[in-house]
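Letters are used for the chains, namely A, B, C, D and E, taken in the order the chains are written, and counting of residues starts over at 1 for each.
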Amino acid sequence: MTIVEKVSDFARHQNAVVMSCRDIVARYSRITVVSGLNFSLRSGEMLAILGPNGAGKSSMLGSIAGTVSGSGEVKVKNQDLGRMNAHLRARNGIAFVPERRGNIFSTMSVKENIDVGLRLLPPEEREAQRDFINDLFPILKKRETAMAGVLSGGEQQMLAIGLALGRRPDVLILDEPSQGLAPAVFDILERAFAVLKNKGLALLLAEQNVPFAARIADRYVILSQGQIVLSGGKEDLANPKELADAFLGKVNG
Amino acid sequence: AASAQESVKIGGIYSLSGPAAPFGVPERDIVEALAAKVNKEGGLNGKKVEVIFCDDQTNPTEAARCATKLIRQDRVVAITGSTIGTGTLALMPIAAANEVPVLAPVGTITVTSKDNKFWPWVFRTAPSDTLIISAIMERGVFQPKHKRVAIMYQEDAYGEAGMKQAKKLSEERNIEIVSAVGAPLNAIDLTAAATNIRNSKPDVVLLKTSAPALGAAFVRAAKQVGIEAPIIGTGSLNQRPFLDAAGPAGEGIQIVSIGNWDDPSERQKELGEVIVAAGKTPKGYAELIGSTGILAAFEAAKRVQGDITGPKIRDALETICDYKDTYLDGNLCYSKDQHEGVFEDTLITVEIRDGKFKTVK
Amino acid sequence: MTIEVKDVTVRFGGVTALKDASLTLERGKILAVVGPNGSGKSTLFNAITGMAKPAAGTVVVDAKRIDDLPAYKRIAWGVARTFQTPRFDPKVTVEEAVMCGFFRLRRTSIMASLLRTPSAAAEEKRFRDRCNEILDDLKLSGFRSQQMSELPMGRVRLVEVARAVANEPKYILLDEPAAGLAVDEQRMLSHEMRRLAERGVGVLLVEHNFNLIRELAEHVVVLKEGSMLLEGTPETIAKNQAFIDTYLGSTGR
Amino acid sequence: MQGSRLKLLMPAFSVIVVIALISPFIFSSPFWLDNSVLVAIFSLMALSMGMAYGQAGILSIAPAAFASIGAFATSVVTTRYGLSPLVGLVLALVLPMVLAYPMARAITRLSPLPLSIATLLLSLVLELAIREGGDFTGGYIGLSGIPTLWFAPNLFSMHVLGWLLVALVLVLYVNLTNSAVGRAVRTARHDPLRATADGVHVPSLLAVYFALSASVAGLAGWLYAHHLTYMGPDSLTMHVSIKIMLMAVIGGASTFLGPILGAAFLTLITLYLPAAETQGMIFGAVLILVLLVTPNGVLGTDWLAFFHGKKRKSDVARVQPAVGGGAA
Amino acid sequence: MFELAEYLLRGALLGVTYGLLAFPVSLLFVTTGSVDVALGAYAVLAAAIMYTVGGPAGVILAIGAAVLASTVVGLISMRLNRPGAVDHVIAVLGTFGLATFLESFILTIFGTSPMIRQPFTTFWDFGNIRISPQMGINLAVCLVILSILFIVLQRTPFGRAMRASAVNPVGAALNGIPVKLIWFSTYVLGGLLAGAAGVLILFSTGADYSTAFTLTIWGFGSAIIFGMHSPLRGFAGGLIIGIVQALSSGYLPGGWATAAPLIFIFVILSMGRMNQIAATGGRV
């Protein structure tokens, strides 16, 4: 049994543009940290956002998901979510895993957490989706009754990702998903993302871990001080060492 | 000080909010109405009366602040209030230091104790707790068939002082106090307290509370747990709100107090008319003692020759004795060494019959 | 001069998070602990610092058994730590956060602090100077007056390390300090760790980035499901097939 | 940035300057002097609240209770035993501490809301204990005839004394806040475990700090007793504590001058509210309005950012929590 | 023995009243992590209106007024307690402002008289313990509300969403939960429950303008004593506090009778493990 057989069909617009963002701005009460970002995502595509600390990756993702104040057009499947609250964006196809696994509920059990994640699916599809998540991260099944807060860092990270996958989003936004995960879990994620991409999910990923990003992303942009300074395709990512040097050189030099 | 001559300024410090508001509000109302009445009738020796109110929020600190404000800012020549005993005690040093007499509508015994340095400046306008308790004990409690007495009291100066006094009097008479149960003013359920009292098998229950809500709650609880002994209430329970809240459970309860709105004396009827004319309904005890203070102040102001000042009013107050023109049933009397003012002759006994207060004596 | 952990077992309800774990950390050495997610690494830290109660086993620091000491006394005894999920007051500035680390070095009484006696003022100045040094070392000086909530995640971790360093510990326990750091910052951090070791501080490191471990650690302990799987130098371990299968996955091949 | 002595003295200094500026205008008005003394007394209590809540995160509904202990301590020794008010002062400082410490040890590990309920309960029990104190505390009647201070015989000298005490407390408070202890307390307030990892024994540190704040309240009580010369069981009740809490929060609980500002505002506002049943409505509405506009308190709010939105540069605008942002 | 049983029973029945007020406290805490200290005032407002208007129309008006008042608090709290920028204490003080307002409002409009209605003049007799049938009604209403709340919170997806919004508001929003709406509705629901409690209080113990604060304190105390995380605990807390109050006023002298329940709560709070800070759900 492979994961592929279990997943129901994510793809609704094969290879079409699923999300397009224009003039994304992120700001904290007084300062604007990200301004005027434009990009689009096709279904089945993964875009990695690379950049040094403080480049504004998290802020930008937050602005797209609605947790950081900002502006700009966020079109998902031709619907502009740019003016909506975070929860409406979530309902309209965006799933966001913030840093520090900010989307889990520490005093609720793992199972309940996943239930919250499955909430937006039609009831009859929930069990299948739960199985999918549990297959992906068997540890979640094992620790089903534990409170999410007592899980280890990596386990929480898996829960956070599983939670976001629960509602079968159109766009999955991950902020440094590799943090705290053992290298072996990268393999699981890589395989899972491959499957999901095949099914049409678009992924947006912020990473510091360039080798990991290189393994899974199709395209990348490099962000520095809130601006895109470099972008490229899978070809460049093929040699992560070179890319890392280039991007560090760019930023430092 | 110049403007003090155009009108007579009197301060009114009452608890318009907080737990004592059921007293402070009607006190304020009647004082306001009486001042308006005097002014309509041409004022005091031609001078208009101006009463300036201040809310002490049932809090001594605020009462003291009120006194400072009224004396220093508004330059009043006399103060009526505060509604609560501790408020009066707190404001007295300020009033005394500034030589402003205070007419206190409180029963708290220590207020007029001569140990107080401020004694020359304080005048009581209500029956003192000693007076009321002795009267209750004599009239209601100490009867041949009553061998065992239970006391239900509210936990504050009023209730506590009354309870102690009652205990002392009973001891002198060798009558046993079988239980004394206290309840805070804000208690909402007294069935357990009533059960305690019932279990002590009293022949008579003394209910020492000034709050109609608490009194009524006890009376209802007594009915529910089955206390058969008669209940004697004090002072301020002879008011409509108590009757309403007690409902049928109130039947037969005796209260020693001043005044009875269901069966008013001639003087009290007049007071009722004043209240009604001012657009309010008579409530009970508070209007009577409130009116006494302000009337005494008016009378004293009338007796002053020339400029009206605090010391002159004080001296004039000490000349008021055997004074009948208050709405009390008895006479008001102060003198050089006696600032109590109200005596046993003002007290009456009422009983609740058919949902109404009936005067017994 | 060592931390000796002997046969420590930690249970949480039905879960055995750590089973008969033993290790020895010498001062001046860097020892790494690795293992899959949920294998008990953080629990080991907690057991050493007194934040989890072992069901069995002993912890000896510098020949003194500290099993019965409460956590704060262990810190005062010279064992500093960072947390896997950074813990900090979001409203506090970077500088103040680091200043908090000096608490155990405080010699003035509360009375003296109240009156700010000359000795108290001098001590405060000493702390502040040392704080500036540490901030410089970790290249954080530029952010000293920023609030923690305004820092990107990577920098937060550096501040956490700085705070532990400020403690002037004999042993320092770092739980994934390099997660989410850019490559150059990782280098800086390794440099700092080496310097600590050179100054005679024992460093216990939990890290999922095996390259970093290879670079730094002389000795590695591998945990799996709470038990010790193997230990040895990074090189020998990296060749171990069981280790590759359970931990490194495809990154190890 | 370096916690230079001058900078640390700023808050106290600004208080003294403001009072010095005001004094000539109110010198001959006993009414305003009286209000000024009361504001100073409430400022001390509000500072105590600022220490407990603004710094240590203990939302205490007991400062008035501690003040009450201080006030009764000095009242009892001066009226019953004829001792000097200075003896009373020592007791007023020490007794609240002695009581606050064990109590805080028992409850500081509670989360904020239950914690404040626990302090509320304590405050109610203390009120009852004072009532039950019989002749010793004056029972339900209270104690009158408390002597005024021989070294501050008139209102003006009380005014000076009151504000000097406020300034003194401010100096000590600022010093403590900018020390290792102050920092540890702030950490412990946010995350006890984090503080433990810094080597702090959280329960005892918080308890000591809370005891200090109680002592400041005791000082306020001492001043109160000798100013009003009457002390009763309902003088400093839980309702006063709630008002104190509002003062601290409205002014900005974690700032140095905020509680003082709040104390002045709430004490003086009653002068302008109608003396009628409707007072509470206006008071409640004003309170809500103030909170809506400045949820972090008047001095805890970054007003420039408030009015100019994003115009400010980040580095200039940042409030310095190290000095509580009180330098405003 | 009989005496003890009577105190226990009377205490428990008083506890039912406290439990009724503990429900909105627990409910609000479970979903917002905050509390509304104006709950007592809603109850008294409802009682006052019911007292004045009477009849079925009175019930509707009374509860309606309570809901209206709580809507105001809900709106205020929306500003003071935004997801992501949560400061419960400020929000609590905001509700305190409304409580002050309402107390003064009730005092101004309805005056100082105690308000009570006693539809029952005959009592049930349980082996010489006489109980008003109203107490039976209170108990029944209380149990019904308790079961509904318990089932909704613990067994339905909606309840899960409510709890999630308190645990991690931002996370809840990211999972598509309309946190603000849920919080707002909880405030309103709290008003509804408090209003209903107020109507029952009018028919059992009665109320006056100053009762609000007392009701809030005991409701809060009941909700808190065993931990605020569930209405079931709030109910148990109400019962135990009622019983302690009854026992102490039965067996303890004077001021002790009043102090004992307070000390009891204090001791339970300081010993219990229910209300401790659990920053990360219990682990390091």
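Just a few scattered comments:
Following the convention adopted for this analysis, a contact is a pair of C-beta atoms (placed from the backbone, for glycine too) under 8 Å apart; a residue touches a chain by one contact, two chains touch by 3 or more.
Bear in mind the structure is a predicted one, so any value in this text is a computation, not a measurement.
Common neighbours of chain B and chain E, by the contact definition above: D. In this assembly, B is the chain whose CA centroid lies farthest from the centroid of chain C. As a whole-number value, the distance joining the C-alpha centres of chain D and chain E reads 31 Å. With each centre defined as the average position of its C-alpha atoms, the distance from chain B to chain D rounds to 36 Å. Averaged Cα coordinates give chain A a centre that lies 29 Å from the centre of chain C.
The distance from the centre of chain B to the centre of chain C, each centre being the mean of the chain's C-alpha atoms, comes to 72 Å.
Looking at chain E, residues 103-104, 107, 254-255, 258, 278-280, 283-284 sit in touch with two or more other chains. Taken residue by residue, chain D touches two or more other chains at 131, 191, 193, 277, 279-280, 314, whereas all remaining positions touch fewer. Chain contacts: chain A has residues 150 touching two or more partner chains.
Contacts from chain E toward chain A in the complex involve residues 84, 157, 160-161, 163-164, 167-168, 170-180, 278, 280-283. On the chain C side of its complex with chain D, the touching residues are 49, 51, 70-73, 75-76, 80-81, 83, 87-89, 91-93, 95-96, 99-104, 106, 108, 110, 113-116, 120-121, 124-125, 127-128, 145-147, 150, 163, 167. In the complex of the two chains, the chain E residues touching chain B come out as 3, 6-7, 10-11, 13-14, 17, 103-104, 107, 111-116, 118, 121, 123, 130-132, 201, 205-211, 213-215, 245-247, 249-251, 253-255, 257-258.
Partner chain D is touched in their complex by these residues of chain E: 29, 35, 76, 79-80, 87-90, 92-94, 96-105, 107-108, 217, 220-221, 224, 228, 254-256, 258-259, 262-263, 265-266, 269-270, 275-279, 284. Of all the residues in chain A, the ones that touch chain E in their complex are 65-67, 85-87, 90-91, 95-96, 98, 102-108, 112, 115-117, 119-120, 147-150, 163-164, 167.
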